[in-house]
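Taking it in order: structure first as structure tokens, then the write-up.
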Amino acid sequence: MSVTEDAPRYLGAEGKEKLNNRLKRIEGQVRGLRRMVDEEAYCIDVLTQIGSAVSAMEKVGVFLLKDHVEHCIRGSIEHGGEDADEKIEELTATVERFLRV
Amino acid sequence: MSVTEDAPRYLGAEGKEKLNNRLKRIEGQVRGLRRMVDEEAYCIDVLTQIGSAVSAMEKVGVFLLKDHVEHCIRGSIEHGGEDADEKIEELTATVERFLRV
Amino acid sequence: MSVTEDAPRYLGAEGKEKLNNRLKRIEGQVRGLRRMVDEEAYCIDVLTQIGSAVSAMEKVGVFLLKDHVEHCIRGSIEHGGEDADEKIEELTATVERFLRV
Amino acid sequence: MSVTEDAPRYLGAEGKEKLNNRLKRIEGQVRGLRRMVDEEAYCIDVLTQIGSAVSAMEKVGVFLLKDHVEHCIRGSIEHGGEDADEKIEELTATVERFLRV
């Protein structure tokens, strides 16, 4: 069963804009990487830029994770918690996939 | 002192195209993430997509790392290795920064 | 202010034993690593073993994280949630530190 | 074919002692983790300690990686490089496994 449909809505206008700005910046970083490769920038400089884009992406992940716990998980527990077990299971499976352990 | 200027040239036409294609795909993934957030996709699905983009990015990093060892490091050792120590130091510093240890 | 004192108790006898067994195995892996270095095992084999110990350790981390959300976070939300905000903040800060972003 | 047998010897007495000391400290950290769990330390404190042991382990990994490039890879390239391709392939496969990408 998917838990998507009835998931409490998230982020809010401010959060969405913040996230959108961060993702736009990451998109720019990736475009910059293509240019660097095209112009044959020094590998180490490209690798440094990749590391920075990966960090920025993982920060976005943590931002979303926090919002998810604050809204979806918290909401689910507050409203009786019938699907709270399932949501917590889903959360840790996601963190596991994220850490690739 | 920068070791950039005289670094042996890298990748070749085929490698550059492969890398460019991979980065284009990642750029698309990040753009897709913006759309997902805009359409309020379920956080867990967004997180899964972020994890996938991070993996793809790190794969590009390893691809570049390999090319760097095969060309820059190897070339530097073969041609007398005057700057080989420096290049190896630089390589491990980059891996360290990449692993953020 | 520390949130330690009144934290709901965790794990249970079964969880504690499971965790203890996993940590004992990791301790053995690290001891094995010392032996490998002592016997001058091939670096790549040592690196593989390190990667395996790191994975095992991160799995223990996710196990604890799950238990923490299931008990501490959930309990805090169920019991009125006065310190829930603080606990969620603390949780994401920990995940951030864990991912080192 | 294994590349182990004829691998140039590594680390040296000083490097081996340094590595042994670091691994002993990590072994102590893991033992400390078992004690923390036994005494029901706060999950977040245990997680922080796990993160620190993981970092220490990855630092050992980078230390070994550097030694491997400096000795095995470099030696292999300097001595004609017949197995250099194989060794570089092996190195990047190891980094890939380490990053789990």
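Observations on the structure shown:
Every chain is named by a letter (A, B, C and D) in the order it is written, and numbering of its residues begins at 1.
We adopt the following convention: a residue touches a chain if its C-beta (ideal position, glycine included) is under 8 Å from a C-beta of that chain, and two chains touch if they have at least 3 such contacts.
On a predicted model such as this, the values are computed, not experimentally measured, just so you know.
If you match contact pairs by residue number, over half of those in B-D turn up again in just one of C-D, A-B or A-C, and that pair is A-C. Set against the Cα centre of subunit C, the chain with the most distant centre is B. In this assembly, the C-alpha centroid of subunit A lies 22 Å from the C-alpha centroid of subunit C.
Work out the mean CA point of subunit A and of subunit D, and you get 30 Å between them.
Residues of subunit D in contact with two or more other chains: 55, 58, 61, 65, 91, 98, 100-101. Interface of subunit C with subunit D (complex): residues 3-4, 7, 9-11, 16, 19-20, 23-24, 26-27, 30-31, 33-34, 37-38, 40, 42-48, 50-51, 53-55, 57-58, 60-61, 64-65, 67-68, 72, 90-91, 94, 97-98, 100. Partner subunit C is touched in their complex by these residues of subunit A: 55, 58-59, 61-62, 65-66, 69-70, 73-74, 77-78, 81, 84, 88, 91-92, 95-96, 98-99, 101.
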